Amino acid sequence: MKSYRKELWFNVPSRRAFINITPQVEACVRESGVKEGLVLVNAMHITASVFINDDEPGLHQDFERWLEKLAPHEPVSQYRHNDTGEDNADAHLKRQVMGREVVVAITNGKLDFGPWEQIFYGEFDGRRPKRVLVKIIGE
Amino acid sequence: MKSYRKELWFNVPSRRAFINITPQVEACVRESGVKEGLVLVNAMHITASVFINDDEPGLHQDFERWLEKLAPHEPVSQYRHNDTGEDNADAHLKRQVMGREVVVAITNGKLDFGPWEQIFYGEFDGRRPKRVLVKIIGE
Amino acid sequence: MKSYRKELWFNVPSRRAFINITPQVEACVRESGVKEGLVLVNAMHITASVFINDDEPGLHQDFERWLEKLAPHEPVSQYRHNDTGEDNADAHLKRQVMGREVVVAITNGKLDFGPWEQIFYGEFDGRRPKRVLVKIIGE
């Protein structure tokens, strides 16, 4: 069994953003030399997500508006977590809707994807360096 | 390490449905010959889900009504994704709540499940052929 | 390839609670002897979650209030699942928001975590014995 590990770093200038990280994950799969296996891609921070959906800017606006409706940032005083001096309680909630991680099959040395699947880093509390972990096991 | 791959195809006649796919996944596990390992089951389309919950029709009605409340289909004009000519933005959102994939342990050649766990395909934009990927690794 | 399996049991005296199970999962990783691999941690019951977020009591209050807003327990008659004699339909819905499982990388024999990641058991219908499965594969 082979294993491979890499950290991807992001420093998003805004509070929230969606970034397509499929090319970086594909590069990891190639570098790993794994032909058949699984790749785990997870946010290492608890106010960010890794998820799979469509690379379409209109949809990303819909996600942004929808997540703000489900778990609004303002007023920050509505959240007990923010009593600690933070203002990011909403980011912890949004990340639960979008998920922490994805597990993707590797087949014949490639991400085994349907026609529109793309991997995104979802940032909900940016403006500082944060990491995504890529871990691959297989043969 | 053994690996196994199979696509399951669905063509749901309605826009939305929940289909119990546990027997198909069990057949894959048997066919793979893997006794100890992991099985990844994921929707290959970004307007569908694979999730684990109860096989109880009343609960499936509750899911349907609840998802419509969280991310209503109508009016389709409320979503920027639908400006592209699609009418399925809500399906992309519903799939985030229900999830893309499940990872299930294989122990002694069987799905290592609690008493009520069943695997479902959640379709949110049907009326066309769509796929689920089953990938198994182990020994 | 090595594999390892353990069940963790919980009997939460209240209907809902969040319990940090990171130490138990760390003990499993040590016991497994796996240095490079993946650990799957999943609720074996469909009214409970395993998720990764912050060990901060204010945030847990926020989760509790937020999940009650998204999928209220009362009135129990609003859910068709409860026509079966159950009163836990909301617990099935809450568990979808929080997720069934996490997959965590094992690197150098340890959980490969970011600075604040902690694993929680999320109980949404307690007052009876329920289980979490820990399955490890790797080398």
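Order of writing sets the chain letters: A, B and C. Residues in each chain are counted from 1.
Quick note on the criterion: contacts are C-beta pairs under 8 Å (C-beta built on N, C-alpha and C of every residue); 3 or more make two chains touch, one makes a residue touch a chain.
Heads up on the chains, UniProt names are A, B, C = Secondary thiamine-phosphate synthase enzyme.
Just so we're clear, the structure is a prediction, and the values are computed from it rather than from any experiment.
Engineer: So subunit A and subunit C: same face meeting same face, with over half the numbers shared, or different?
Structural biologist: different
Engineer: If you fit subunit B onto subunit C using only Cα atoms, how far does it have to rotate, to the nearest 5°?
Structural biologist: 120
Engineer: For subunit A and subunit C, what's the span in angstrom between their mean Cα positions?
Structural biologist: The mean C-alpha positions of subunit A and subunit C differ by 20 Å.
Engineer: If a residue has to touch 2 or more other chains to count, which residues of subunit B qualify?
Structural biologist: Residue numbers touching two or more other chains: 1, 38, 70, 97, 99, 103, 137.
Engineer: Under the stated contact criterion, what part of subunit B meets subunit C in this complex?
Structural biologist: Spelled out, the residues of subunit B in touch with subunit C are 1, 36-38, 51-54, 56-59, 61-63, 66, 70, 97-99, 102-105, 107, 112-117, 137-139.
Engineer: Taking the touch rule as given, give the residues of subunit B at its contact with subunit A in the complex, in rising order.
Structural biologist: Touch list, subunit B to subunit A: 1, 3, 5, 38, 40, 42-46, 70-71, 79-84, 89, 92-93, 95-97, 99-101, 103, 131, 133, 135, 137.
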